[in-house]
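Note that the chains take the letters A, B and C in the order they are written out, and that residue 1 is the start of every chain.
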Amino acid sequence: MAQVTTTRGEQIKKGTMTVDDLAKQVEGLKRQIENIKPGADEKVSIIVFSGDLDKILAAFIIATGAVAMGMEAVMFFTFWGTPVLRDPKKKAGGKDLMGKMFGFMLPKGRNAIKLSKMNMAGMGTTMMKSLMKKKNVASLDEMLEMAADLGVKIYICEMSCNLMGFKKEEFIEYPDLCYVGVATFLEQAKNSKVQLFI
Amino acid sequence: MAQVTTTRGEQIKKGTMTVDDLAKQVEGLKRQIENIKPGADEKVSIIVFSGDLDKILAAFIIATGAVAMGMEAVMFFTFWGTPVLRDPKKKAGGKDLMGKMFGFMLPKGRNAIKLSKMNMAGMGTTMMKSLMKKKNVASLDEMLEMAADLGVKIYICEMSCNLMGFKKEEFIEYPDLCYVGVATFLEQAKNSKVQLFI
Amino acid sequence: MAQVTTTRGEQIKKGTMTVDDLAKQVEGLKRQIENIKPGADEKVSIIVFSGDLDKILAAFIIATGAVAMGMEAVMFFTFWGTPVLRDPKKKAGGKDLMGKMFGFMLPKGRNAIKLSKMNMAGMGTTMMKSLMKKKNVASLDEMLEMAADLGVKIYICEMSCNLMGFKKEEFIEYPDLCYVGVATFLEQAKNSKVQLFI
């Protein structure tokens, strides 16, 4: 074929490109497209490992901010993050000694957690909360409500509940609250544009 | 059409593929390409939440390392990370009582921060700094200069400044230092290949 | 050309599309495909900065969980994470005073690390370990073995070893244990779907 020595651009210009030439190119494109690694979803996945007030606030600010921007947000509460979701008004029976000890020692819900720094026997935490009110920064209560309204998904780590003896009946009411393992979280995280360990 | 019963490969081989067959395939490819979720930019986005010397060092090592590799890097200083960017030689007036208290209690700039562990009343931090010098690891001062030279972008969280009463005039000089909200950070993070919460 | 005023769909229907029309479209698709930013690999990259038992456990649970799901996993041990990989039975000579001090003060391997919270002079840590056994959660020893079997890659930060005076001969035996810099880690992280700083 004479076209072999001319470039594709020249072929198009000269009109010497044949249907079969094109068909081969289209086949090539198909293979290329199949091999493109796709990007992730408009989603933020956060592992909430810490139970400190400041980090929990940061996690909720990021999650609600993401949804306000049109992204999805998933929060996976694990380890020290788990007791933050306890409802202080609820009780769970049938715990063994270890479960009772953890239940007693870990904070009973989001209003019992403290700053990671400058807690100063609770004074720093109280100060921060009154400051947030004064500066019109949403409280954790308000943020949780906002998260529920906006559709932020909350997952609780099953293994942490198992370890610390937490029962499902002692957690807060939250739309579609799920108890999941690490695989479920990773499935979300790997399809998210943003993943954070807080 | 007789071609329906033959495969596309056979059609190409036999030269029985028509322009319209091809046109349909090209349309299909177009739709496929439009539906491909694109990947992210060669960028690292770091939330610098912690104000500990060791974590701040890690954040700068990662950010400058990324730029040295040809990537972009954005650091978003929030919460305890914010005071690290204060300039100890600068003062800001017009603060309320809470702002003055935070200003007094939080470290005045990068040379006042401490290790998260083994601080041992400052001894560990001093030890680490002298060690870094001895082992030719860049100091925080040098790293900040390097970051500025390399074009690492630094954002300061507006909400943290608002909460802790920090004024723009008390921060360090840094090229294109920006005061932004969480949305601006997320916009960067979701287009970055790497995002970290430090 | 008369076709200019008709849509491509109509051209296909009417059979008036020419080879050259198509060739131009194929060229356009090629450029589009070349400009698509590719997504990342099915990989999790974790910076293990912390040396706390709870965070180290979380890191291994995520890494082994990822590999169990068919992903790859890379753990980059740096700073306080580095001593966790020391083998308490091994000794390294030729250390300077600082290296000896760090070697003495930092935990000697994974069985000497403590919880980040509720350590309570070691009681909390002991409690957690016995609890993990009782609840059939793999111990750190078992997780490390699992990680090796599953092919989780472990990198040790060269700069941390340099700073803290750790020698290669005092680390554990692990398949393909590597000593790398931040660039090697970033190279992995930017091609990973999930990156975490723990």
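Simple rule for what comes next: a residue touches a chain if its C-beta (ideal position, glycine included) is under 8 Å from a C-beta of that chain, and two chains touch if they have at least 3 such contacts.
Keep in mind it's a predicted model, so treat the numbers as computed, not measured.
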- prompt: Given a C-alpha superposition of subunit A onto subunit C, how large is the rotation in degrees, taken in steps of 5?
  reply: 120
Field: Residue-number overlap at the subunit B/subunit C interface, same or different (half cut)
entry: different
- prompt: Just curious, how far off is subunit C from subunit B if you go by their C-alpha centres, in Å?
  reply: 18
Multi-chain contact sites of subunit A, meaning residues that touch two or more partners: 19, 22, 26, 29, 33, 36-40, 195-197
Statement: Contacts from subunit A onto subunit B in the complex sit at residues 19-20, 22-24, 26-27, 29-30, 33, 36-42, 44, 54-55, 58, 61-62, 65-66, 68-69, 71, 116-118, 127-128, 131-132, 134-135, 137, 193-198
Task: Within their complex, state which residues of subunit B touch subunit A.
output: 8-9, 11-12, 15, 17-19, 22, 25-26, 29, 32-33, 36-40, 47, 49, 51, 78-80, 98, 101, 105-106, 159, 162-163, 181-183, 186-187, 189-191, 195-197
